[in-house]
Every structure is written in structure tokens, then in C-alpha cells.
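We call the chains A, B, C and D, going by the order they appear; numbering starts again at 1 in every chain.
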Amino acid sequence: MGCTPEGVANALRGAAAVIAEHRAELIELDRAIGDGDHGENMNRGFQAVVAALDGAVPDTPGAVLKLAATTLISKVGGAAGPLYGTAFLRASTVVSNQPELGAAEVVAALRAGLEGVQARGKAVEGDKTMVDALLPAVAAAEKAGGADVAAVLAAAAEGAASGAQSTVDLVARKGRASYLGERSAGHLDPGARSTALLLEAFAKAAR
Amino acid sequence: MGCTPEGVANALRGAAAVIAEHRAELIELDRAIGDGDHGENMNRGFQAVVAALDGAVPDTPGAVLKLAATTLISKVGGAAGPLYGTAFLRASTVVSNQPELGAAEVVAALRAGLEGVQARGKAVEGDKTMVDALLPAVAAAEKAGGADVAAVLAAAAEGAASGAQSTVDLVARKGRASYLGERSAGHLDPGARSTALLLEAFAKAAR
Amino acid sequence: MKKIINDPADVVTESLRGLAAAHADILRVQEDPNVVVRADAPVAGKVAVISGGGSGHEPLHGGFVGLGMLDAAVPGAVFTSPTPDAVQAAISATTGEAGALLIVKNYTGDVLNFETAGELAAAEDLDVRSVVIDDDVAVADSTYTAGRRGVGGTVLLEKIAGAAAERGDSLDAVEALARKVIGQVRSIGVALTAPTVPHVGEPSFDLGADEIEFGIGIHGEPGRERIPAEPADALVARMVGAIVEDLPFGEGDRVLLFTNSMGATPLVELYLAHGIAERLLADRGIMVERRLVGPYITSLEMQGISLTLLKLDDELTELWDAPVNTAALRWKA
Amino acid sequence: MKKIINDPADVVTESLRGLAAAHADILRVQEDPNVVVRADAPVAGKVAVISGGGSGHEPLHGGFVGLGMLDAAVPGAVFTSPTPDAVQAAISATTGEAGALLIVKNYTGDVLNFETAGELAAAEDLDVRSVVIDDDVAVADSTYTAGRRGVGGTVLLEKIAGAAAERGDSLDAVEALARKVIGQVRSIGVALTAPTVPHVGEPSFDLGADEIEFGIGIHGEPGRERIPAEPADALVARMVGAIVEDLPFGEGDRVLLFTNSMGATPLVELYLAHGIAERLLADRGIMVERRLVGPYITSLEMQGISLTLLKLDDELTELWDAPVNTAALRWKA
């Protein structure tokens, strides 16, 4: 079973609901090692995505992803806005105008997203950023590659969750948390957490 | 036994010690219904009086009182500075340059002080000010008039103490506490309290 | 209490040294007693405009010393009226033949100490007059109180009287103008938190987590009532209503609107409140022709705001617009 | 949390309306996306100087829009970098043939969002350059951090670049000058209390009753270390030492000293700190030739201060002294 435009839109709606539910948690995580706006930024952005989709769902999965990308770029702000925006933009580009996405396209989209984030933000593994959730997510998705979309996203979600968890022990070297130096250790990175939440929501939508 | 210049100076030194000891209490009282500076103002002023006396004790009781008056006027500030300053100034004037003060002069000095405060501050009985301590103090001193200085001051101190206590139930109509309206009731007036402390110290010095 | 100070007893003097170092082109500071004086004082032939009061309300008054505003400011201890000898020193440093106007905020301590200084000046044959500003509508003006407090209107009064003196008005004229301003300026303040006086070491009053003190004075003295916290729209409407109905200000009136921070209010909130006030006044047909927005008469680190309305006419507007060069207000100079 | 706001989501927009109402002679505000633009923009033939960033640092940047300083400011949500479309709107409203300089504070979000906007502008054949200011010595500048933050130096940079653009300098010249300023300005901040972001509703960090965060950023991000509260003399010496040793500044250097309040610091404390800094610099033979003292780059209601030193030469001094007419900085105009 592949992803239709409506399926991608539903996944984004589900993601928006999860972000709204976890808004306070993300704020709290960012308050600890950043400036406390991550939950608000993500929520503002994803609510806007939902509003855009309520207008009209574009007619290819790529176009839906592109709508999400431009909306996030113009509504989220902060570091997360351009990073997630770039991720969705690259994902939309890589799937071009195919009418439905199969497992292979989803894997490619995930990898493109990761590469976009790294191209923009220059973070590498272990810098305590969303990259630490995305890297294992993409690796797991690639490993599950032959399977169907649901299995790919389930693997990605699992990878993201454990990747996010791994940021707790890290000392931040990118983003606002890096100002804390050693004091950033012992805290979950908010961006890694939001990445895990998004992938979990996508996986759920695909089930 | 009459009051020598040194005796008046000692009474002022004793008063300074008592004010220093009650600085925090006066601040707290003023914090409740004023702006919290009465203890600091009075302490600054009386420490300056002590310093002035340490320089040289003038050679009449009147001159000692005048030195206290000018020092208080230039060091206390706020409402209490000009009021106490005027009280001491009037007291010094009324005893002119007599070498020693007997009971009658002390009574006259107290009355002059009260009249000075009322002339400057226009407060009447029941306005919840230092006048409510001074009025019964002067009345009691006048009643004890025939006696010696110690008895006069003891009576005045007792009058001031009960007068001060009577301010608790009053609603302020003068000074900063009047802004509180009804909310000023239930609190001891800081100026009335400092008047009671001063007279108590003078009485103690005369014992 | 955490503060950027050394000994609490030295706060005002040490702060004045910083003020003097920062603005040597505008003012100089005399110590013991503490006075802030215009750098070019005494200005020959000019009426001196002098004000003062307890410290802790900065930039009032020292930040308003300079061309087109005050000739001298007399800072007392924090929240404590200055003593007469300090006022006298300010008069001596600035006042000549043309005389001086003392601008006194209506607090018992200020009135008494400036009164004494005025008497001392008169004894030296100087023509020194006083005006008492009492623009705070929060306080009932009756024989049952010390009268209304001088608050935000003081800033506008100092600017306008200062401009009149600068253009060469006589003492009679400056005094008359000051009385006119006092007659047509009204203010109200609110506090969200309390200030902490250095030598006290704890907040001046206790306010609940959801309470606002409506009708606060600039020392954190309470005014009308404690109200539950409410949205800015409702709070500003309450404030505008209290002022407008007091004078009253009416349709067609030309006004200056002064939206003041009590110290610690973020500017983002202050401008938000200002915008609401502008809208509410427009709704009433009152024409805001000049405005001032910022922390100009404060109460240490108190959070809160005050609104002040001054009825304008051509003369007042011209004097408001006249050049001013002080640490805190500066234009056309 | 008590704040003078309505819905937290509307704080910035409502505040901008108040700003526009207060300063219609100086600036105008475009909404959705929010941009503050000089009233007479676009100024023909002039390089546009544009800055922006999260709100909550007022008067930065909107309060610096006007003659001799910024052509436009782009305010994001509170403490959140603005989005590229907002930056683009600012560029469109102000930029012509002469091009534009974007002044970007070094935060990942600001850099990324302005970068994207710059790319969009380049696609429209506009000559738009960026400079990134990173003057905060509290942060180690290494590959192990996001690099130093842009803090107090931003205000001085905006004034000087703005003056250069106003006198007609080319984009090359304005950019070169901006890079020079960035090379020789250094800052450090301390916090006594935390700010509260409206949509968060509680303080951004927790600081003990006797703790100071040394090396704070303008969002309350921590820097070097938490230290016990200490007297102003010791604290300011620590701050001056950190800045002076970083560049380093040395004997005979001519400097501008900027003593900034983080928002809620009483002016009496700010001037006190300024006075100490002046004295310490004089002791080192560093000559303070210009100064700025006040709340110019803030962090909502945070208590604390920052010190900024800029090495001066004749050109920078002349540009600093040049006329400026903005809501927050105004002279010779």
C-alpha cells in the first residue's frame, strides 16, 4: 500500500495533533537547555500546516510535502523552522511528482530530509541535535527498506526514539544548548524529541 | 536634679542607640503602611547626631537641642526629618540659653516640640501620626509638672507609649499612610512608634 | 535581595558618580549634599528650574537636567525626600537675579523639606517660588488624605517649565505656566510587582500571584484597590476611564499621552498598552497629538505602568517640541 | 505569570501597533509578516540597513528604525528568529539599486532564516549582503559551540552602519565598516533574575536567591558560570576583565563604553555599575571617549546588565556622533 496525497496530509495532521499535545513538554525541554520556545514554534508551524491543508490538499504527495515545507519555513522561525522546512523541501523534491509513494520513495524522502538538515545546520552525529534522531531513523528505515511503507516508518520511528534518547548524555555542540557546555549533558534535546514525535505520528498514520 | 548639656547629650546618645536597635522594626512598620524608610531615615539622622556630639557638646542644653535639630533636618529627609527637626528646634528656642533644665523647662520644651510638629505638618489628634503619641505625652508631662525631670519624662514616655498604641485602630489622614484609606487601620504608625521610643530613651537617661 | 550595589548606604552617591561620568557634557554632580547641576549652570539671566525627591525613580530627576529642562535635581536617599540643605545647594548653584522655580511632588516629606529650603532662600533675598504637582487620580483629594500624589505629570511639567525658562520667560510666566500644566494633567498607575529598596532588602509590599494594585504610587504606595489580574484591554480601559473622567477630558480635546513604565515592564508590553490607550482615546474623540513612551518615572524594579494625559494647546505643544538635551530626553539638540 | 498582554500569541503584533501609533513620524509597521519600516522608506539611492531577530529585546531592533540607523527591523515571535518571508518583506520595502546590508546576530535560527531570505533576494537580483555579529566573550568561540552570540555590540553596529549608509556610503563601504566594528567590539552580560516568555508562562531558568549567572545571553541562555552574588565593585571588575582581556583592549585605546540594562535593572544600579566600569578602564589607561547607558538590548523583564566596549577611531567616532532619529536613540535631530 502506497502513500496518497491524502495519506501524507493525514500523516501531517496527525503530527500536528501530537505536537500540540506535547507542546508543553517541548517547551520544558527547551527551557532547560535553550530558550523555551521550541514547543510554541513547532505548534504554531504545524497548526499552520493543518490550516493550509484545510484549504486544499495538493494533488501529489510531493506537493503536499512542499506545502508543509513552505508553511513551516514561514511560520516556525528559530532554528527549527529552516531546518524542518529544508527537510520537507528536500523530501518533496526527491519524490518529485509521483502520484503515490512506495516504501522506497519514503526511504529516499527520509534520507533527503536528513541531508537537508545537515546541509543547512552543519550538525554531525553526537552534536546533540535533531540529527541524532534523524540519523538512526534513516538507518533503520533503510534497513527495513524492502518492506512496506508502514514497516519503514515504524522502523524510522523506533530509530528516532532511541536516537533522541541518546542525546540525554551528550554535550551540545550546535544550537543554543551549546552555550551551556558541560551543563547541557543530562537533558533530552528538544529538537531530537520533536523529530521522534513526528516520525512516531507518521508511523501511526501509516498503520 | 536638672538637665545639664552633657545630660541632654547623653539622652540623645541613648535615643540613638534605641533607634538603631529598633531600625528594622520601624522599617517593617513603615513598609506596611508607608514606603519602608522610616527606620533607615531615623537611624541615619540619630547616628549623625551622635557624630556631631562626638565632635563637641555645645555648652547649653538649648544649644545641644539645636545641634540635634539642624542635624536631623539635614540628615533624615522624608516627612520625619523636618517634623522632628522642627520639634527639636522649637524645644531649643523655648529653653533659650539656660545652663540647666528643670522639670518646668522640660515640660515647656515638650509642648514646644509638639506645637512645632503641628505647625509644620498640620496633623491633628486621630490622624494617625506622631502627633498621636506626642499629644498624650505632653498632657502627661504637664500633669506631672511639679515633679522632677525624671518623673516628667517618665510620664511623657508612658503617655507616648499608650498614644502610639492607640494609632493601631486609626485610619490615616496625613502622610503616606493616608493613601491606604481604610486599609491603614490595624497597623501601628511608624512615626508614633519612633516618638514613643525617643521619649522612652529620654526617660531612661533621666532615671 | 540581589542588586548591583556595594554598601546600600552608598547607592545614591555611587550612582551619581556614574551619571556624572556618563554625561559630563550635560551635567555635573556635587556631593555632600548630593546635587545634579546643569554643566553650564548658572545660566545668566535665566530662571532656574529645580526639582528633586527621593531616589529610585530614575531617570527622574537627574536624567532631566540639561538644556531645555532642569537646571538642577536634588536626589534624596532611595524613596526619601531630600533635605533642605541639599535643596539649598541646588538653588545656590543655579539661581541668580531671575529667580528659581521649585517643582515639588506632593508628598508630605517633599513639601516640608522644599518649604524649608524655600524659606532659607527667601532669607537670602532670592526669588524662589514653588509649585506642587498632584496629578495622581488614584488618591481622593480631600482633607482626609495628604492629597493627591505627584506622579507622571511631573515629567511633562519639568519639560514644559524648562522650555519656558530656556526661551527666557520670567519667573512669573514660568510659574503661571507650571500652574496651568498642573491644572490640566492627570495620571494613574498600576503595579504587577513590588520594588525592593536597597536598605530594606525585601519587597515594599506583598502582592498575590494574580493580583494587580490599581492606583499605585511611585513608591509602591497603594491607591484605590487590589484587583485580579486581567487582560491588557480591560486594564488599560480601566486606567483610561479613571483619568478621562477625572479632569474630565472630552471629545475634541488635544492631548499628550504619556505611557510610562514603572521600571521593569518589558517595552513590548509597554507599547502594547500604549496602542490600546491610543485606540480608546480615539474612540472617545480625544486627539492624541504628542506622545511619550518609556521608563521615565519609575519605582526601582517595580513592574507596572502609568498613563498620563495632558491637555494641550498651541503654547504647550510648542514648549513640548522645543529642544531638550538631557540624559533621558533629547531632541533637536 | 502577570503581564500586560491579551492573548500571548498576539503580543508582538499588538505591541507593534503601539509602536506605530507612538512614532508615526519615524516609522510605519506592516503586518503579516510583521516588519517595522522607516517612515520615508525606500530612501532613494541609499543602502538599506536591516536587522531583526526574536522579539523581547526591545528597543532592539524596531526602536532603532529611523534616520541614521535602520531602514527596517524584522521582529520574530518573542525570543524566536523571524522567518525568511518577513525578512524578504523588509528587503522589498526598503531596498533599491544601492542594495542592503543585513545585520544578523549569531544565533543558529537568525543565521539560517536570514540566509534563506538573502538567497531569495539574490534570486531577484538585489545586492543584499549579510554580516554576522558575535561579540559575546562569554561563549568560547570554537567548533564545539554554535559560536559567539550577538549581543550588545549589535546596537553600536546598527548605529554606525546606519550612519554610514545615511551619509551615502556604498554597500561595499558599509559592509566593510560593519566588519570592522564586529572585529573590535566585545561584550559580556550577567543576570540576577530570569525573563518570562509570554507563551511559556514561567521564568526561562531558575536562579538561586544568591546566585548570578555570569556570561548570560540576551535570551537568558547561560554562559560561563554561576557565581554567588557579590558586591558591584567585584562583579563589574569581573566583567571588565573578561572583555578587556579578550580583544584585548590596552592602554591608550580609545573606546565607547556601553552599559546596558537587560530590562529590569533599576537605573540607579545601572549608573552605579557604569561609574565603576569607567573607573576600572581609567585605571588601565583605556580612554572612554563615548558612552551609552540604558536599556537598549534587553531580555524582557530580566534583571542584569551587560557591558560592551568598542574600540574607536576618528571615523567610528564621527559616525557614532552623526544625527540619529529613532524611537530609542535620538540626537542632533
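Observations on the structure shown:
Note that in this section a residue touches a chain if its C-beta (ideal position, glycine included) is under 8 Å from a C-beta of that chain, and two chains touch if they have at least 3 such contacts.
Nothing here was measured: the structure is a model prediction, and the numbers come from that model.
Path length between chain B and chain D in the touching-chain graph (shortest route): 2. Note: the chain lying farthest from chain C is A, by mean C-alpha position.
A separation of 29 Å divides the Cα centre of chain C from that of chain D.
Mean C-alpha position of chain A lies 74 Å from that of chain B.
In this assembly, the C-alpha centroid of chain A lies 54 Å from the C-alpha centroid of chain C. Distance from the chain B centre to the chain C centre is 32 Å, each centre being the mean of its Cα atoms.
Shared interface positions of chain C, defined as residues touching 2 or more other chains, are 78.
Shown here, the protein chains touch in a chain-like sequence that does not close on itself.
Chains touching one another form the pairs A-D, B-C, C-D. Looking at the complex, you find that chain C touches chain B at residues 9, 33, 54, 76-86, 107-109, 112-113, 115-116, 138-140, 143-146, 149, 197, 199-200, 202, 204-205, 217, 219-223. For chain C in complex with chain D, the residues that touch the partner chain are 2-6, 11-12, 14-22, 55-56, 58-59, 63, 78, 192-193, 195, 209-210, 212, 229, 231-233, 235-236, 259, 263-276, 278-279, 288, 291, 293, 295, 298, 300-301, 303, 305, 327, 330-333. Partner chain C is touched in their complex by these residues of chain B: 27, 31, 34-37, 40-41, 44, 73-83, 120-121, 173-176, 178-181, 183.
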